[in-house]
Amino acid sequence: MLEPVNVSLESLNLVTLAPMLIAIVGALTILVVDLVKSGLNKTMYVMLSMLFLLLDFGSLVDFAGFFAQNGTILGFFDVMLIDGLAILAQFIIVVGAMMFLPLSLTSKRFHEYSYPEYYALFLFTIAGLQFMVSTDNLILIFVGLETSSLAIYTLIAMHNRSKSFEAAVKYFTMGALAAGFYSFGAMVLYALSGSVEINQIAAVLSADGYSNIGYVLVGVAFLLASFGFKLSLVPFHTWAPDVYEGSSAAMAGFISIVPKIASFVVAMRLFEFLVQSGVVWLEVTLYVFVVVTMTASNIWALVQNDVKRMLAYSSISHAGFVMAALIIGTTQANSALFLYWAMFSFTNLGAFAMLWVNREKSLKYGQNSDHQFERFSGMVHTMPLAAVMMGLFMLSLAGIPPFGIFWGKLYMLGAAVSGGYTVLALIMALNSAIAAFYYLKLIVFMFLKEPDEQAHEKYMTNASLSLKTIIGAAAVMTVFSVFAVNPLLEFITSFVYNSGY
Amino acid sequence: MEIGLSHYLVLSTILFAIGLIGVMRRKNLLLLFFATEILLNSVNVAFAAISHYHGDLTGQMFAFFVIAIAASEVAVGLGLLIVWYKRTGKIDLDMMTTMRG
Amino acid sequence: METYLYIALFAPLVGSLFAGLFGARPKTIIAGLVPTGLLFASLVSSTILLTHVLAGNTVHVELMTWMETGDLYIPFGFVVDQVSVTMMMVVTIVSTVVHVYSIGYMDHDKGFNRFFSYLSAFVFSMMVLVMSDNFAGLFIGWEGVGLCSWLLIGFWYHKESATWAANEAFIMNRIADLGMLIGIFLIYWNTGSLQYDQVFAAVAGLEISTVVWIGIFLFIGAMGKSAQFPLHTWLADAMEGPTPVSALIHAATMVTAGVYLVVRANPIYDIIPEVGTVIASLGAFVAMFAASMALVNRDMKRIIAYSTLSQLGYMFVAAGLGAYWVALFHLMAHAFFKALLFLGAGNVMHAMSDELDPFKMGGLSKKMKGTFIMMTVASVALAGIYPLAGFFSKDMILEVAFVEHHYILYTVLLLTAGLTAFYSFRLIALIFHGEERYKLFGFDPHEAYKYMLWFMAPLAVLAVIAGMMFKGTYYDMVTQLLPAGEYHVHSAFTYWVMTIGTQIFVGLAIVYAYRKYENAKIDKKVESGFFYQLLFNQYYIPQFYEEFFVKPYRDLSMIFWKHIDLKVVDATVDMIGNTFYKTGKETHVMQNGNLSTMLRWMVAGLVFLLVSAIVFAKANDIFAYMVTIVPGLGA
Amino acid sequence: MFEAIAFYLFAILTISMFSIAVLTSQALYALTALAAGMIFISAFFFILGADFLGAVQIIVYTGAVLALYAFGMMFFDTTRDVVEKRTSPMLVFGMGGMAALLIVLIFAAPIVSDNITALYPVQEGVGNAQAVGMVLFTKYLVPFEVAAVMLLVAMIGGIILAGKKMDTSLTLLDEDKSPLSVETNEKAAS
Amino acid sequence: MLDNILSILIFFPALAAMFGFVVAKDSIRAYGVTVAAIEFALSLFLWYAYDPAVSGMQFMESLPLIPAFGISYLLGVDGISLFIIVLAAFFTLIGIASLPDMKRMKDMILTLLFLQMTMIGVFAALDAIVFYVFWELSLVPMLYIIGAWGGPLRIYASVKFFLYTFTGSLVMLVGMLFMAYFYHQATGTWSFSILEWYRLILPENIQLWLFVAFFLGFAIKVPMFPFHTWLPYAHGQAPTIGSVILAAILLKMGTYAFVRFSLPLFPDASVFFMMPIAVLAIIMIIYTAMVAYAQEDIKQVVAYSSVSHMGVIILGTFALNVEGISGSVFLMIAHGVVSGALFLLVGVIYERRHTKMMSEFGGLASVMPHYATIFGVMVMASVGLPLTINFVGEFLSLLGFYQQSHMMTLLAGIAIIVGAIYMLAAFKKVFFGEVTNEKNRNLPDVNKRELVALIPLVIIAIWLGVYPKPVLGPINNSVESIVQLMHEKAVTEEAKARIPDLTSTIVINEAKEETK
């Protein structure tokens, strides 16, 4: 007979679930409100979601304080693992979500924003991602990942036009394949170690000295393929441009930032111990991935005709850049990852919001995508302020100091150099130069070309006050980020360091 | 002849490969989804086998969750297919190439 | 005395700036008079300074610091000593005359004001050149006269030939200036200073090879300004400038700067007689070479220019052989009579509406008596007939060569003296004697303004008496600074034979020239001869330069630009960019929008990972196996 | 011995069934083969003593998933022959076979590890379902709940996407056409 | 006021530009001129307050910016940067004052003010990252100026300019990070302060690598052969004001950085690379001068001449002695004045004829005598006539390098010949001869607005040529301290020998003083 299990409630550390539960409760609340009274205005839902996200954020602040004092928190039979990485990642996830959510307050009417389910799914996504980062159990990671992914597929499709369906289907199908990879990889590791918890796996593997290196590598290869999909590493990136193009700009921005940071954290947990324990193959492979991803996506971004697609490739490239942290593996590098991503999120938010603001319902004659470069030509004459802001975002993305991303880049390159990866640092730096070309392309269109005769008035079709506020805030953050870097860096470094990375 | 873990793993691999072939080969989305089910199923066999040979239940847990995930994927996937089909009348993925480059 | 020094130095500058104020306005006579007056003031100051120096004093002032960095210290320092005062006198006298003359000569020219501005600026530069107490200051004047020469040669900038000649002169001078600059660098890094006194004091302690290099490089600088072979072509072309300019710059002053430099740097050249010999040989060669070209030329001014060139050769012979005071003396005397000759030629040109071919003149002596007399005097002086200035200065050089046992040089110089007499009187004969050919060409010659002639008179007087009167005083004065050396042939017999022989030889040459050219017969046979053509075409050197330097330079520049800069350097840069772009264009089709392709890419990625993983794992295994079976591989 | 026979039998069966599912051009065959393959898979679960899993497999897959697919098939009218344009079959089979071969190569060697300790050991005398339940509701409670949320998400997603809400695209609709008219119509209909 | 004067100098124009967005279009020029004049006055005040006897940094400001990574906002000027700052303020002033009427005047003036911020920032920064920030930021306004107001190829030119220099400076950034890392290794703390870095003595092989990394960034900026090809396009396409600022100030960033970074940080590497760099410099001097000679566009002539002169600056810098470095720093200022003026002058005829082809002109001396005079003065300054500003710099640079290599200097000295060739040829083509093109017959001479810009430049060109001491003195002091630092830091024997030890010569100088 099975013995009854006595579990004290305290040892469960139920509180570790708080942030995710808040998001889930938020989602359910929205669904319930809709059941009680349907047809409410979207603004209500947006603000409701914002409130829950704020609560979520508050609980994270609480955790951060707790972590700073007591270190890593385990909960629920050690399934939940709230360490510095988890807290940092959740901060980025929640803040990113809070930034992108108000983009639904458009003046134009879009399909997805008219339905409360959108907001519920949005919150579910957040919850899923939060689960994903705050555990080292492969099962929970998988479930969290799928929760968020399935919600995102739906969110993309809810934009409701044929391109968004196409994007959702592509994303979904490839996601299903990646899920297969993930489960296979997890299976191999489980077969090797008898455990699905990363620290256990690491312990077991190092205990027998990686004697079954072939198995390990097969498992890692599968997991790498799976996270390569999530992190859009070449050649697993092919979904990214299409999905970005097909989804609404706001959604695209969200996808480019929030889910990725979750995947980064998981990748850090999964791969870094392997790199550290001298699995040369993984180091080399990651090196190749980083270089190829950065370079190839930059090269493809060069030839894009659509700003959104260009930004998609650029996001791939940035992801590749950040992946370098996994190879370097020092505290500095891991801190740089978070710093970079925090800076990147502001800027990318601004850039995508800008696209969102000038979104029109129908395509003009001769266009086959929403944000062709021609649309932006001569923008500085018609809308100087908007053009300047977009220009700032582009400069920041290109890594021109003193704008946001530069500091991330600087710190990451610094980490690479300090870690002894000077050649990698050079490659990364030179890639920024390639990337500068396509960011400049937009600047060239906005500032150096004459405006298109007809297109004058329609830039801000979709703008509303809240959108403008967000863009303005993003611009301010981008410009004055230098003052935020130091506190941020100290905060991040202490968290990363105390988590043992 | 003892059936060991390796046998199951090899079987799982073969099934997985079949799934991969299906994923790569199918142009009809619905049939492509079949192939993704095969992928997940093949892994389940392996999980069950490992669980058995290690005498550990975690593998079964994993397999259980994989089944749950597979089921949810079907729901969303079919939903997506339905809207797509309603809009275009096709579920052939060769028709889905408006975005490229 | 310092006040006089400053007046002498800066009065021309003030004059230049004053005239410059009117630069773009129509002619104002005041723009001519004021600089002239100021220059006269400069002349007076120079004379006062001369008396001061004659009394055995020198003036040395330091106006202010120019450059000071590291160990380098260069002030604007000026010195009036025996050498510089001589030069100052020459410069101020000739330039005062030329200024006055120019008021008449440039009377009808649109650029009257501008001309005086340039001319005075030139005098200022020349004064800086001669008065400076250091090599850097000398270089300022050196380049300054170059600039003014450029401005004045190209004064009539509408004329293609004038501007071309101006640029040629400037660039050729620049080539030599590089040598000069290097010389200065050498001096600085070896002696730690550029002040004459410190340099000359230190130079004795240097290694001889260093001094040789210094001497060579300074002389290269001198070669450019003094138009020595092979940098001589610009001088003849410089005759495109207004004639007073030719008189002042290209006869009396600037071109002698090279000689001045060698004279000034005599402590350096004294140490290195071998270099001096080379200089003297080159000088002798140039003397002969230039004279030969003057024989056949049909351009009045060019003939005089070649004669100048030839005389500069003489000076270098003297300087090279260590007879610095002789060189300087000839410089002075030459300045007077050559300026006079040029001014006379200017009168003729005026009279003949800027016609330069003497074969179109003839018999002008009746119409232009004053000019005729003066030019004849100048030519006699040039030919070195007793008792005119040329005799004392030029024959002295012959003696120097003889005394120093350079008989080849002596012979060359002697022959050249004959040639000089010949071409000088060929010119006189063609212009002033014989038939009045100008009528055939419809010219109506007239004498120049009276005051122009009056102001040429001092030069004429000097050309006559400079040798006789001043030689003693000059010698006493100059040898206080320059190495004294009496160059007398020891045997009185030899001396008389030489002197009289030379006089007779020269006289014969004059007579022959008269006979041959009085009637301006053109001997077709001779003219088509090889030597005539060779000389007439200046030994084909200009063509040679054109073919082998100018054209290749132009072509090479074109190649550098069109083929290397655009097609190699720039194209490489663009190629890097284009490679990325093209790669993008070629490969972005892999994103063909088809889901099947995407999935296959994913699987391909996986397979790639697996392959590499297994290769790695197997390699690892094999390596481990090898380690076990092969001892000594290490673990 | 029995185990070996069963293993090989079912291995051959599943492989062939899945192969048919993947290779056939008849959609109906594919579906049927898939269903059969799923059931054969559950046989392995039973062989391996994972009874609970086997039951879940049959219920969820054959019961739910395949029913959904069948419904989808009817909806999409793919019962007739699926015409598929093939591109580079060599590549497909090559890569698939390659992947399989590589892993098999590794898996041919048995996993030897002394360090594996079962964290949740299979206890003698405890029914599989019971044991699974124990683990599921202690250690894996959180994933279980999250899985529930996931299913909820999938449900909402499925309903939203397949339901009427997506019929008229507000995104593409002009502003002046009142969305309310659409929604009110819907409400009236429901 | 004095404590923060550098910050005020840097941010005042930027702030003014922000406010300038509000100013109405018709008054913007007055606004711009006023702001630039105030800025210039401030810079003059800086010069006035600067103590020329002190060789180190003055007006230091320090504020921790990112202490966690050792980045601080550290400013200061010495004799080397002081005058370039003054020059930057000056050129912005006359640039705005002489701006011809153009479309989008307001944008132009505001951009110029932003550009001014970045320029002054580069020269005032003493922290490598702050330096880098301004260094990169300066590309942006320049991109806009070239790209928006330039010629037909403007977009190509501006993007090329941006990308090329950006690429180079990224490599430099990696170098900086490595330097900081090395500092971290040595001291245990992060720091990007140049003054802190000065204290590090690096092993030679590290010096070599770092030198190369920094070199790439600087060399492209200078631009050195063979990285120069962006420059002709940038100049060729840029509007007058763009060329002026580019030639006068922006190019100086590269040469300035050599003096500020490469020499004192890597003395041994500087000695090691002296000859290769000298070879490049000589190629630059002669080759680009020849290319300049082949040009048909007057502006391209000036552009290539600019490159050629930069070669002399480089050569002077790598003379590694006080004479050479002082000369090269002085030549930076001189080159700024002269090539700035030449570009302004070219702008004058471009404004009138909208062409820059020399074949279109000819005989302008009689049509525009004042113009021709000023042009002539500047041509002469450009060919390095004594008593003009360029001569002092060129003379000292070449003089300095002569100590290192005789042959090289002889080759480099060809600069004075080839320089004269292309300049005079161009001058001749444009100004001499008869007026052949009817369009040129009635061109108006320079107007007041243009004179406002040109006359001061002429005055400076001659004033500093005659009396360079006020500038050369402070430069000399600061350069001496750098050379001494280099000598002390040098590791290898060769470097010790090549870089003079000033402590020994100071004794001699004192002895000299006594004897005077």
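So that you can tell them apart, the chains are marked A, B, C, D and E in the order they are listed, and the count of residues begins at 1 in each.
The criterion applied here is as follows: contacts are C-beta pairs under 8 Å (C-beta built on N, C-alpha and C of every residue); 3 or more make two chains touch, one makes a residue touch a chain.
No experiment lies behind these values; they were computed from the predicted model shown.
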item	value
Target chain E, source chain D, minimum contact steps	2
Chain B and chain A - chains in contact with each	C, D
Chain with minimal offset from the mean of all protein Cα atoms	E
Pair of chains joined by more contacts [C-beta pairs], A-C or A-D	A-D
Greatest separation from chain E - chain, by CA centre	D
Interchain centroid distance [CA atoms averaged], chain A/chain E, Å	44
Chain C and chain E, separation of their C-alpha mean positions in angstrom	34
Distance from the mean Cα position of chain D to that of chain B, given in whole angstrom	6
Chain B and chain C: spacing of chain centres that average the CA atoms, whole Å	94
Residues of chain D whose C-beta touches two or more other chains	91-92, 95-96, 99, 102-103, 106-107, 109, 111, 116, 118-119, 131, 139-140, 143, 147, 150, 153-154, 157, 160-161, 166
Per-residue multi-chain contacts in chain C, two or more chains	577, 588, 591, 593, 595-596, 599-600, 603-604, 606, 610, 614, 617
Multi-partner residues of chain A (at least 2 other chains)	139, 143, 146, 150, 153-154, 157, 160, 169-170, 173, 177, 191, 194-195, 214, 218, 241-242, 303-304, 437
Pairs of chains satisfying the touch condition	A-B, A-C, A-D, A-E, B-C, B-D, C-D, C-E
Residues of chain E touching chain C in the complex	160, 163-164, 225-226, 228-230, 232, 287, 290-291, 293-295, 321-323, 326-327, 363, 365-366, 369-370, 373, 380, 383, 385-387, 391-392, 395-396, 398-400, 402-403, 406, 409-410, 413-414, 416-417, 420-421, 424-425, 428, 431-434, 466-469, 472-473, 475-476, 479-480, 505, 508-509
Sites on chain A touched by chain C in the complex	169-170, 173-174, 177-178, 181, 213-214, 217-218, 220-222, 224-225, 228-229, 235-236, 238-239, 241-242, 280-281, 285, 296, 298-304, 434, 437
Chain C residues within the chain D interface of the complex	596, 600, 603-604, 606-607, 610-611, 614, 617
Touching residues on chain A, where the partner in the complex is chain D	1-2, 5, 7, 17, 24, 31, 38-39, 76-77, 79-80, 108-112, 114-115, 117, 120-121, 124, 127-128, 131, 135, 137, 139-140, 143-144, 146-147, 150-151, 153-154, 157-161, 164, 191-195, 200, 204, 207-208, 211-212, 214-215, 218, 248, 361-362
Residue ranges of chain B in contact with chain D within the complex	1-11, 13-22, 24-28, 30-31, 33-35, 37-38, 41, 44-45, 48-49, 51-52, 54-58, 60-61, 63-65, 67-76, 78-83, 85-86, 91-92, 94
